[in-house]
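Reading through the structure tokens given below for one structure.
Each chain carries a letter (A, B, C and D) given by its place in the written order, and its residues are counted from 1.
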């Protein structure tokens, strides 16, 4: 029997050994409406050896096949697997009335051809693509509420979407040139498989770009934004790098302006979009510290700093304008494992089950 | 009496207490053609207390007025002062036959109005602007050789110039949109004055954008590039941030292409510009590791990593193309205090005095 | 009117601008039994500018004098002030029936002479020293329950106490030599006042010892431990350094053994002291990963790593024995701002008000 | 024909792919008396792909067998192999008149039984142990000069030896208790083999102890020190950890004092041992910044900071006394790959070939 809104939830986590799976377990352990957490793993290592930060939690791994047998006990299952795995297992859970949040890329495209082009493989469950809801909660809340299957957005994609949507919705952007995204991600974004390039001695005091021929989140972003504005095609020039930190995305989105705007006007636009303070979106906050310096003076507190959100589900936004060149600048910072993955997934779960959207996610950054 | 090429040099360093001044002293201490190093400071602290890494070097500070009195003993003087100071002191040294390398911004613009607009102050030595040579050694070697006064480039500017020049010279770039520069600098770039925003506890595991309304190196870059290509005006959208590391600039330059090009064609262009291995420019090297993965796979070693140059005078370059969107991508990494400041300054000194250009600068990165 | 157990608490935070005050506010914001949080500051800066990670929380600073006027509305007040301030203000709050948790050193010594010797100042409220309870919750729970005034332990002291008590209580330690403590603290431990030595560019990739002539937490530790074992005087050789990280204490405690013991026997001793998993102390956990390698092989997961506790109220412990030299080794890791300060303070508050001791503190480390 | 002092040297580097081998190549590239550098590797990867920081150097790998065939062309060969390999190959080179510096542990013990006990394997070249010279250049210069075979010291060992020798030689130390060594090493000390525990995402903002049952450098240290003082056995309690930095050792050595001493007396002892400034040992410098604060005040510049030596061959020393407990404190910082490995090896090479001892090693830290 699956749970109703009133009872506490029983939750499966397929793929519990990676950084995303571990983070999901960490957040679910503090969620007041979650009773049972069932992570899966193929390895025999005890849970506390894989996730020493969760020592004392009492969680234990089981094989995914065991979780599949338990489907009738589950309310919701999260997939934290590499792309290409969820598509083979999601149907079983849906058939047993379990809601699914897939944190991989398997259900992010409506268009199966696009999926196949970007990910280089056949899609094994294309019939489910039409009903999958792309889970940017803030912008898709109504559809999330009724979804059986959520495609949780990519970490770069959700951060860029929150940064760009107010600009695009305001009609300010000249779409004849590509939008420009530069994002720096922590090394947790590179996964848990040991490789020399992401060892500490290599990354310390360094920074390294990757996938400049076009990151997979680019097409995901283009598809979502074009759909959102229902206008002309949107092209996104996405540039990704790993920084010398473990967690978080520091993203800068630049867009050519169709009209003259100043920073205050942009601040108003963003505040209107996400609401001031408590009253608007709980997790999307705009840094409105006024600029006080003279021409070209460095002011470090007028944009959000990545550290202000690490460990939390918040997205902080900052804005400015290069007036001489007519370019809007948006800075967006998120924790790649929280707002960029496990936190958004839980936010979506909260909405799906009619819970307070912030439940289990109220922690502020360190 | 000032030195000739054959003898060892006596060198002044005005403003020896900051990161740039300290780095210049560090490099000069290892320079086989430098005999005497005379750094200045207004503070009474002993040199080894200000620069504990140079303990044992025997260097000592003196007031700048004392150095001015010694002008006749000097061959060259470097200014590592905040912008606005060199312009008041350079004339005295030039009058005594001392060559000058100014690491501040005072002599970087030919156009005095532009200087005044960007830096918000009157220029006290505008009559010297016409003879000042902008010291990107690789691109301006002949003029450097005969200069009395070198304007050493800004750290962002020189890194961007080395990244963009081969693209622009090849005529590949669509100049109707601005060139896009995203650069992340270490915290030594923020200077030695204690401020909360750049304390370790604030920056650790963080990243913070600044000056998005337009960094002062933007106009410097636009002026140089426009002059170099002798074509239409060049607009540069420059975006700057501090990363969670002490030294180095990781810069990405993106440019819309006028024609279809692939990565191999770009590699050829850059290799032709800077020469393969030893035979070309000693300090500008192109990462030509071939890409082997399939579609959209992450390959971490095909672009330069910042760590590969920190502590050295090298600029490593990497290239790629986003073919779907027609955008050339260049990654350039330098040490902001070496190639971006003190190293370039010494490279210019070597050329000015007819020395081997690499003298004192042959150290590879850690 | 002051609150009773059943109602939600109104809480004052004197000294809300530093790292400890900010962390206390952060944790209190997630505490389900806390209704109102009233932080004080002398500065006019808005709360969200001082603590950008708490943007959206709605908290606001007030002057401490305003808080004193509100004493009748408060249930408990925390002092996060530099040592020497709480002693002047605590009396007022106690007189109004407000319970006090002092996170500074003012009430940590019973012996007023010792306080004056270690801190070099007169004590302004010596009459309160006898009733102050030293708040290591795990070891002093009964006295904390009834206290009006808690002296919250120093961050090094509480970490060392949790590491050493099982050894001392077991009677294993040869006390003729000093106990040896080496602890590395994050840079948040150095406070928020900007100084060159703790700027990012200075600390990155570095490590620096300080106060080797004897840190102030040494006498605090000696007094507590001697009292705890009711035996001979305990001497503690304490060595402190700042590491290249923002938060956390990595502490190693070494003690000469009076008898032959092996690692398994120590593990039993510590597990008996703090209880296995859930059943014992919630916040003190022992790493019991078995050693599998051969002689002298490196095994990185048999002791706790600092990262496993950062951001949480946990203290993880690991043990080993240098059998050739008869020395017990204990590794203890805590977050200096949580278990070492604000977390312990809230844990004490929970006990004082009859709440579940883990309330508001159940978050696991990132 | 092997080189004489006058000519430039041809140098082999067996095991050129690790951090030590790469660092040795880096330093040799800047050595004015080295002409040819021949690194070996079993892998087919080009040199510049393995060591991207040395791109442009023109070095190339060859198999070790090829180097063995070239023995007659070599002046000196360095072994940067894991322990257990050099012992099988050193004889061949010695037989061809090539001098050998072994950076592994194979020849560090005179006593073959001790080697076998500590390293758990038979020694394949025990007959060479008597002639191997333990290469702490500063303390063993005369024997190094005439050696055919140098056992380069372990990184922890050489740092501790430089810290402790003046104390022991002064007769100040109470040897009835073990000497206490706490050392934190960078992650380059963990080698280049990818392991999860040393990935960036695991180590960032963390610190982890290892080998607390007794690190292999402990017996190496005990043997050297006992021999040096020709007194009673010396016991060393050595504690090792990895810090959140790539390079360097921050070591604290504590010793119980037989008599009352203050910091100034210790400073005199250390300055007498290593000489003031230029006149004494070039690479061993004592931080003599006077303490100015009151009781127990933090002063961050009176001891050396790790960052002051990273990238250089220097060892900086600082001293203090815990007078209440009669304990001498020594802080020693080195770069584990330079003074702790490749730098010392070159320093020994310089002495062996009658070169200026500082040749190729004069670079100061960044």
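In this section, contacts are C-beta pairs under 8 Å (C-beta built on N, C-alpha and C of every residue); 3 or more make two chains touch, one makes a residue touch a chain.
Protein identities per chain, from UniProt: A, B, C, D = N-acetyl-gamma-glutamyl-phosphate reductase.
All values reported here derive from a predicted model rather than from experimental measurement.
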Tally the contacting C-beta pairs at the C-D interface and at the A-C interface, and name the larger one.
C-D
Which chain's mean C-alpha position is the greatest distance from chain D's?
A
Taking each chain's mean CA coordinate, chain A and chain C are separated, in whole Å, by 35
How many angstrom lie between the centres of chain A and chain D, each centre taken as the mean Cα position?
46
Contacts with two or more other chains, residues of chain C listed in rising order
186, 190, 195, 198, 202-205, 244-247, 301, 305, 307-308, 310
Can you tell me which positions in chain B touch chain C when the two form their complex?
19, 186-188, 190, 192, 194-196, 198-205, 244-247
Complex contact set, residues of chain C against chain A:
23, 26, 29-30, 49, 52-58, 204-205, 247, 277-278, 282, 285, 287, 289, 301, 304-305, 307-312, 314, 316, 362-366
Under the stated contact criterion, what part of chain D meets chain C in this complex?
118-120, 177-178, 180, 182, 184, 186, 190, 195, 197-198, 202-216, 235-237, 239, 241, 243-248, 250, 252, 254, 256, 263, 294-296, 298-301, 303, 305-308, 310, 318, 320-325, 327, 329, 331, 333
